[in-house]
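Look at the two complexes coming up: subunit A is in both, with subunit B in one and subunit C in the other.
And then the complex of A and B:
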């Protein structure tokens, strides 16, 4: 795609961002169209149930939700609803809720535990990886590697029930599930279950990238200049070592804040992750589309954020 | 002559009014904590009585709203909004006498007009209720034509004689008509509230309801909170002050939370009943529950040729080792079944089905013989597929069936699919064998037996039998339909259009201090107003 040359004096960064946002629109449109078609291709529909519905009732349901229209018309009016009114339509299954309401209820929940998990995973993962690299081949390194492998191989659907058995049933410290914004004790187990495997991945990426940076020329120079070890690591090694971690964090951040179906199922948070899976199983077309668009838009946005952060961290990258 | 009937149960109850709401034995010491927390597997799809279609949704609807009649712990009818009814000589016109003190949560009186509105709304195709067929099933005059869009809803056979007298006309006499009134889709709703708020009327801030509880909070997929209603006519005797329903999508997780004291009732996951019964004898319970589990067979033109041979169908049924299914796989007090209707259904007399008395060895031997006659055996194997929807127990039973059938020369290919795909395939006759379970809509055998009539909407295997249809039609007007039901079951046993496997049990952990739950009601219908917690 060719873009007009930016007028002289416009900062390149802004042009770059605008270009990327311009590409985002057709990308989202394609996402909507493909999801729409795939969804309708799946056997059964939102009103498929054990008892076949009387023809008139089914016709009315289809008319009510626009399913009697040709597919292209449905797509057009769906997109128009979003563009003109930011209206993602009514849920086909939860009949007293709109998609906007379902997302407005579930997304803040997953955003909260996802964001906290993200912070925990980044801080713990980066620290663990960096320490392991700096103390390469020592007992500390082995310990850090051990922890991250352990966290990686323990899937969250195994960890979640164990957490509840330990912290709720045996110790009685934490509520076994549910969600309260006002009470962080409800957040703890979801955050542990969600953050550990991300933390492990971050630690492993960080460790290998840090090891590579520590062997590079500019670090040798810094050391040769006689800089103290902590300055070499914090000022000169940490930033470049973070680059691979950051490219991992963009998609990881999106998948964390849009919720994990495992966390939602095991901790009954009422989050958007479970709503998404349910919508697919229930053929709740509107909710499925709404969440797909939400996840798609966030993915595009945070990939852009990652690229911008890249430029800030790595002086070699230019736009 | 007009019969001042009421059912015998109602007549009895008129003499002993103590049985309404929580019926607490003398000397019981109540706990200070009168709250009840129960488990939901999934998010509640709707709390609108005419829109709800789920069993779990019904548990909520039944506490927020009240219909003409309720059920007691034994499943017998007791007055709800209706105190009694008269039935005309021809058995077609019911006149219900409504309780004058029944109130909505905003203090207005519950009137016959509220029922008229709700029933018309259910049948009206504009409502697009997935339960519109229920009015038809109740045989209310013109229901089917209204749902088909041929007549306006105002032509429905239901009218308000005055505020407290409701008259319902049905098309054919239906002995079990009053039993059908405990179903949530017949509960009243308020026209003015619905018109004001539209589909938002079920939000806690808008909802006006007439049950023992009012909705205080509903977080989709997380929890439902209900408070005791001060305006409910029997509020004085309603002990439980608060009900909470927690959605927990994983049954094992729900069990852990029950054991941690966060829930008062939860289902026991398959296979864990014996262990829990040994460990918690006062809490683990298994009670008959009105559902029947089968492998349905496709007898339609699209089905396999082999299944059109009754010998093959019988062989499939005989070779199914039900004892292994109930004793080794489910282990929750379910009962092996050789017929269709759940054994504990009210008034149902279990027919004497011949093969149910044989030993499994005898059944298997007979199955081999029949298959050989039909031309199949280990040398000429029969290939069939079994479709089942995703579920751990369905899978285990399917694998067991594969093993039962293999020595006979039947190769069963297992075909696991999600529920919507499974349903779609069944409705399009795109299957050989399909796992299926049917749960009774009301406590009477016709809820099962109507299923296999040629005119039923659910007979996906297309078992068409004129004698069967004739018997079921005759049963609708018979003074005592039970002998006809027995005959119908015998036809099913002779023609074997499906493999009966087991009859359900409700296998739950129930906190030992919770009292007032149903004991002998195969529908397992429960009401928060009947519950109470004793001090321990």
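And then the complex of A and C:
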């Protein structure tokens, strides 16, 4: 029996997406306002230096960056700049660069290794978890469980130095840092460092949900009517077992973006995390806010996509 | 009146026996937990790490701030782990005793993990139980707020906070506490929603027990299982968060240290051949995380026998 499922594009699907957007947009606005107020309330302005600037110079600087306006006007013009022109304003530290330029420089790098890591974590994790569940209580299962437990206590900032010790210092196979789009050997260590612990979590989630599905009635029925094992697993077990994994992808995405900070620092890949930490150490609030808001927007967008995919796969969800 | 002391004794024994004879849910769970090898292994690890954090300083020959000038400058050659000069774990790059620093790092990491988890338990339970019990518009509003907060990339906001308002351990606790309760409140709300439909809650409401009393006497005790398991699993996550921030150099400040800061220092100096500077902090970090993960998993299996 086939369950009717709302294909993308039916009215209630659209209503559902609109409902989700109705939450997403205020969230983003709140994030912008929150970080703006944080920045405004922070002790010391962007032009506070060891040698105090003459009052006239300071006033001119404030006027140039619009800091003499009332607070609400600053917020409105900041939001308007982002919404209308996708403009995060000028950097407070590098006088000749805008936040957009700084972000545009690092973003492609982060996106590349982030996407590859995400793919590796999902594909390897799902495979490992599914195989472990199918071969429950065999050597393969124990191996998979061992790997996933071991990988969970090795977060990216622990993986990174270990990888460098093994592959660069001892074996000398891989470059210890830097980034080239054309040479994937520069990609390997960042991707491993970033994806390992998420692969482990996905494998754990996949294994337990697959075990549950394999013990359920519809699988017993499928087996009873004589379907070959691979068809039972691929056609009947895999899809329902994937649901918990999909709902984990949202949080995993957020922590992977956070993890890119470590990758950028440790492997000098020059991604967006580098821009964030540099600006944090330089107190370049404009860049910090720009990165935070961009990452927030990405997170919200990604969660939206995950929710839609979830609803699309799970026939039980009615919007 | 003369009381037969023999009979009284037998009665006393009988009543005390009666306590033992009935096996409650908790006794059952305890039995399952102590039979779980992985959980017991985790518990042993946790006891070891806790003892190390509490009493390590009384074994240490050096304080965590003292610089040993006899090894300073020649750390790679003479600063290795040795019993002779009292640096059991060697020294760090400045010639400070790594044993004392690892003890302190473990203390800070455990403290951050446990305090962060405690905040989550208190705030998350109250928030989630309130939202779940009252339901309706209030529930909708409260949970939307949680959704919005969860969608914020908290690590970035936390770093923003630490940079703008100074890097202090208080700020770190505040920051970790601000985010840790969100997930907890969701879980507690879900559990409260299922509890709310039970007959005994209905009965309590029917005889006019006020809502706060129902929450305190009938809902909260039934949440203990879920909350305990989640809190145990939250501790290692809090430790990871703190270590991440300390690794970036934004966490606790010198001369204080945490395991994340020590791992960061150690991994910065491996190319000089001082592997122990990474190995010992990393060992305690991994042991602590393993301990909490195993105990948390064991608790979950013990409290929910059908979910295995």
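Simple rule for what comes next: the second predicted complex is superposed on the first by the 268 of 319 C-alpha atoms of A that agree within 3 Å, B and C clash if a C-alpha of one lies under 4 Å from a C-alpha of the other, contacts with A are read in each partner's own complex, and residues count from 1 in each chain.
We adopt the following convention: a residue touches a chain if its C-beta (ideal position, glycine included) is under 8 Å from a C-beta of that chain, and two chains touch if they have at least 3 such contacts.
As the structure is a computational prediction, the values presented were derived from the model and not from experiment.
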item	value
Touching partner for A:169 - first (subunit B), second (subunit C), both, neither	both
A:161 touches, of subunit B and subunit C: first, second, both or neither?	both
Which of subunit B and subunit C A:217 touches, first, second, both or neither	neither
Touched partner set for A:182, first subunit B, second subunit C, both or neither	neither
Partner chain in contact with A:283 - subunit B first, subunit C second, else both or neither	both
Touching partner for A:265 - first (subunit B), second (subunit C), both, neither	both
First, second, both or neither for A:23, with subunit B first and subunit C second	second
Touching partner for A:137 - first (subunit B), second (subunit C), both, neither	neither
Touching both subunit C and subunit B, counted on subunit A across the two superposed complexes	42-43, 160-161, 164-165, 169, 265-266, 281, 283
Subunit A-touching residues of subunit C, taken from the complex the two chains share	144, 147-148, 151-153, 155-157, 159-161, 163-165, 236, 240, 243-244, 247-248, 250, 260, 263-264, 266-267, 270-271, 275, 278, 282, 285-286, 289-290, 293
Contact set on subunit B toward subunit A in their complex	42-43, 45-48, 51, 53, 125-126, 128-130, 132-133, 136, 144, 147-149, 199-203, 219-223, 246-250, 252-253, 256-257, 259-260, 262, 418-421, 423-425, 427, 457-458
Subunit A to subunit C touching residues, read off their complex	23-24, 26-27, 30-31, 34-35, 38-39, 41-43, 149, 152-155, 157-158, 160-161, 164-165, 169, 254-255, 257-258, 261-262, 265-266, 276-277, 280-281, 283, 285, 288-289, 291-292, 295-296, 299-300, 303
Parts of subunit A lying in touch with subunit B, wherever the complex brings them together	42-45, 47-57, 59-61, 64, 90, 93-97, 102, 105-106, 160-161, 164-165, 168-169, 172, 175-179, 264-266, 268-270, 274-275, 278, 281-283
